[in-house]
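This is the structure I have questions about; it appears just below.
Chain lettering (A, B, C and D) follows the sequence in which the chains are written, and residue indices restart at 1 in each chain.
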Amino acid sequence: MMLDRIMERHRETLILLRRNRKIKAGASILAVILAIAVIGPYTTEYGPLEYTGAIGEPPSSRHPLGTNTFGYDLYSQVVYGLRSSILIGLLGGILATAIGVLIGFISGYFGGIIDELLMMLTNIFLVIPTLALLIIIAAYIEHRGILIESVIIGLTSWPWTARAVRANTLSLRNREFVYLARMSGMPTRSIILREIAPNMLSYIIMVFILQFGGAILYAVSLDFIGLGPTKGISLGVILQQAVLWNAVQLGMWWWAIPPGLLIALLLTSLYVINTGLDEVLNPRLRRQG
Amino acid sequence: MGLIRYIGKKAVIYLATFFVAVTLNWAIPRFMPGNPIGILLSRFATLPESAEVMYSYFTQAFGLDKPLYEQYINFWRALLNGDLGVSIYLYPQKVRDIVLEALPYDIVLIVPAVIVSWIVGNWLGALASTNRRLDNILMPIFYFLTASPYFWMAIVLAWVFTVTIPIFPPSGAYSPGISPSLSLSFIVDFLKHWILPFLSLLLVMLGGWAIGMRNMIIYELESNYSRYMEALGAPNRLILRYAFRNAMLPQITGLALQIGLAVAGAITTEIVFSYPGLGYLMLQAIQNQDYFLMQGAFLVIVIMVLISNFVIDIVYAIVDPRVRYTYTGETG
Amino acid sequence: MVAQALLEVRNLVKVFKSGMMGREIVAVDRVSFNIEEGEILSLLGESGSGKTTIARMILRLLKPTSGDILYKGRNIWKLKGRELIEYYRQVQGVFQDPYSSFNPIHKVDRPLLQALKNLQGIEGSEALKIIRETLRKVGLNPDEVLGKYPHQLSGGQLQRVSIARALLVNPKLLVVDEPVSMLDASTRIDVLNIFADLRDNEGVSILMIGHDISLSYYISDRIIILYKGSIMEEGETDAVLGSPLHPYTKMLIESIPRIEEKWGRKSRIRLDVDQKPTAMSGCKFLDRCPHAFNMCTRKPNLIRKDNRKIACWLYKNNYNQDIA
Amino acid sequence: MELLRVEDLHVYYLTLRGYVRAVDGVTFTLTKGEVLGIAGESGSGKSTLVNYIILPKPPMVRVKGRIYYKGLELTGLAREELGKIRYKGISIIPQYAMDSLSPTKKVKRIILDLARGRSREDLIEKARERLKLVNLSERVLDMYPIELSGGMKQRVVMVISTLLDPDVLIADEITSALDVTTQRAVLEMIRDFKETGIIKSVIFVTHDIAALYQIADRIMVMYAGKLVEIGDADGVVGNPKHPYTRALIESLPRIGVRYKVKRLKGIPGSPPSLLNPPRGCRFSPRCSEALEKCRFEEPPETLVDGRRVYCWLYSR
């Protein structure tokens, strides 16, 4: 009876995915924000670092988000900045997920001394505060671009993923169908790729969503401290400038509030989607009634 | 017995972490691509005075003429003597002194923010888990709070409470002209400066705790012991109390992970309010390319995080009976 | 020595270690036995007896801590490459849980096709023909199961597909780990009949791991009673279960609920009172044994006694016939 | 005295694909002093039936039927009212007994909380005595569940569930996860508890007819959500009337029965899906004695040798 019910859930997963309110709401917000990042730059006549002649002007029809002290159009800055922040998030998120999955998988699948060493390493990097580590790394890099920034973020934020993936792998590795694959003479490579990996896919997607959000957050924080891309614009850089030039104290809220709001909404949508997925895949979290 | 074993195991991990952090701190300037040492050296040209003293210290600390392993040993030796080098930007002050002066500001900010957010967040989360209507209202707010970058929350608070309704000072730890003392006027002044950075940290962390607690309780309420209690007619309140207790335990472990994030939050928040903690210090160091100061701050942050993690682990081991028994080696 | 046994297990030990500083658990403690050709041997034990661990070691899924497993005289842990493929062509297994024996994301055809392809080098329509034949042999209608996902089949059907997978390569030895314990009573017996037929018609040897005494009684030729990783009693089914000697075997048989008669007033069953790990030095059954006496603090060896082997100090007059 | 009466109960599960008709028209009574056994294979609805009796909640939905406890109708009663009847009136040892105790509370605390409103000393004293009855030391009271083995935890749950001397004790598959030796001990404890009057009556649910036979006074056999046969234990086991019961009992190997001597036969096929159960008798697709009629019309209740049987063979 119990087993039958478990199997039933499997069939229901797809239906539940489509019905989940959290996933629907989160995906809608995410879609809008992504659309802004993609289309936004084509909807403005100003470059992000182009002097417009209007200095410190509040939002108007000409400048939907106003201009800052240097005469830059903030709408342009935000849409371009959003684009690069998302790009860093994607690259950093992918890298962090990849490293975490790789380490977690090797650790869980092969076990033994490899496992103990990798987990020691993971636990160590889990405790070292990531942002502090990022700061001392970034500070020594002379020319920082989007790529470098996402690489160092990816290299420092994988540990929790490794730990989670390891647990996931362990439970899959000792499933009978994996044993049977071994007894059917299947090569290790195809056992991993065809039997185990597909079962981890939904989990890895959830991990990636969180890593994507995490990378964006680390990137804006680095930018904000002044260790962002040495050239170009990002949401973090806009905020750094805003604080550096006392935007808030000078009453220019349009300089400092919208970029952060956008980040917060983007991350909210990611977290909400993730929780929705979790509810679908982990029925104990579902609310009854 | 189990307790000691558990704590011992944790201590080993933290010592190893400290070792790795120090090693990274040593290695990054030496092995980063793009000749970071060169950058460092070039800084001496801009030193206002006594470049020579600085240079000799530098060669001693970095011992660039010596083999790597010797450089490494010397680095440790200096560290264990409490020598973190000399600041370039605040020359000739010692990095250790500068950092130790900034550290209390972080502690007064982070520790209360973490504790209060933990308590209030868990309480709100538990409330949301039992009340459907409240849940629907509160959850989106919690998600938004936890998704906000700390420094942006700081900016919002600054805009509301220092500009729109100017009731709090916009920057610093206390007003210029007042010197630190235990007088009431100083304390009030200090708290006025402290409240906004504190609130920034509090609000963002609160969201995360509340979400975690709410989900854990719902998870626990679906557990077999909850079903059993319900089958025996236990009132909701009682079942909830049991669920709350079990849901709280992972939240304590979460506390350990949160410390690292809180530090990140504090670093950026302090920048918004020019609050003179390690974060603000780091910003100064970065802007002035004062690498010794930066690295010293990093080490102190790591040590602080390690100590708090260790404290949390001990608390956890005392609160959760499972730790004691799984580490005694008696069962499974 | 007469003819060589099909499979020989010698002094097998498995110790599980939990973590770097965790304590050690001895799951299998110096176990030796043989499997002869064309017999069904039952390894009977309760949870924690180490029976599944032994099965997994024989299937080469778990490495023994020490001791040897010899298949046709060759140490199975020294096999490599082609030899290993050959081993799995001759030795196959079936597990307890039919649901986790199949990957939820693949159709049930896949493991069948894979086994034929990797072990026999047979693919395509030839493979399909063999698969259909084998499915029929285990009492399934191939059209009802092929092309289906695991969740579309019942536990009983899946378990039969799992057995079919093992049979595809015509193995000499089948290791079946609690093959019917998750099936409904009404379908169990037919699965057991498949095993008995395999032995009778094709001479396949079967090692059946189980905890249900009546099921083992029904089909096995010989029985080994395991308790906490050690063999308590071993011999022909009728001897061991018909006239048990070891106090543990007696207790087991006394505990079976029988459909033909009700239990007497009160049993003398002693339960594990404490969680203390049994002292390694003495008899594992010591703390629950109604006949325990001072000798029992030392570990009894497995000795030959009439028509069986037994590890119990009550029968120590045969001490000199100690088996190595 | 009648303690429990279930009348034509239909309990369905609401799933995304429709209603799973887990319990579909079951009627029975339980009288004081008896052990009623409910036997059935997976998907027979036996667990749903008893779980609905003690804890009706979604996704279980009552479509039809009534439940009476000592003449009081339970169906439709408010949650708080039901809460008062649970434990003292109707109690349960659940299937998941081994993890029914919160891991972070001491056994003593759990007992005091669950049996709240009674004198602390009395409860502890009583718990001590009862622990002795199930071969546990009173030290267990001061232990956390994590310190106990699975079997010990189950016995602790047994003590907790029966501590208030319930009128009806539901035992749901409590022996299926146990080793044979422990199983006998647990069955004997349940029997002793009933005979010494600690519990007034028992509903014992299991898939293991042989185990059931050892302690049940009456046995009720379920198949695919329906009652198939109900009567005294010796009759049902020794002389089963319904073809399902008969085939089920014949498929059980007995000690002494060897394959070589007597080849047993199982029941071909598998139980139907309860989302869309077959018309007529639900066992008819697997029944070797099925008549034409069986496939279209539900068999009525028939009395055979004082036993209720639902089969067309007995009511032509």
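To be clear about the criterion, a contact is a pair of C-beta atoms (placed from the backbone, for glycine too) under 8 Å apart; a residue touches a chain by one contact, two chains touch by 3 or more.
Values in this document were obtained by computation on a predicted structure and should not be read as measured data.
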{"item": "Chain nearest the overall C-alpha centroid of the shown protein atoms", "value": "A"}
{"item": "Pair joined by more contacting C-beta pairs (A-B or B-D)", "value": "A-B"}
{"item": "Whole-Å separation of chain centres (CA-atom averages), chain A against chain B", "value": "21"}
{"item": "Whole-Å gap between the CA centroids of chain B and chain D", "value": "55"}
{"item": "Intercentroid distance (Cα basis), chain C paired with chain A, Å", "value": "49"}
{"item": "Chain C and chain D: spacing of chain centres that average the CA atoms, whole Å", "value": "31"}
{"item": "For chain C, residues that touch 2 or more chains besides their own", "value": "155, 275"}
{"item": "In chain D, residues with contacts to at least two other chains", "value": "42, 147, 149"}
{"item": "Of all residues in chain B, the ones touching two or more other chains", "value": "223, 330-331"}
{"item": "Residues on chain A engaged by chain B in the complex (per definition of touch)", "value": "120, 123-133, 135-137, 139-143, 160, 213, 217, 220-221, 224-227, 239, 242-243, 248-249, 251, 253, 256-257, 259-261, 263-268, 270-272, 275, 284-285, 287"}
{"item": "Parts of chain D lying in touch with chain B, wherever the complex brings them together", "value": "54-55, 82-87, 91-92, 94, 96, 99-105, 113-114, 116, 144, 146-147, 149, 157, 160-161"}
{"item": "Residues of chain C that touch chain D when the two form their complex", "value": "46-47, 154-157, 184-193, 196, 211, 213-215, 217-219, 237-238, 241-242, 251-260, 262-263, 266-267, 269, 271-273, 275"}
{"item": "Of chain A, residues touching chain C in the complex", "value": "3, 6-8, 10-11, 116, 175-177, 179-187, 195, 198-199"}
{"item": "Of all residues in chain B, those that touch chain D in their complex", "value": "223-225, 227-235, 238, 242, 245-246, 249, 320-322, 325-326, 330-331"}
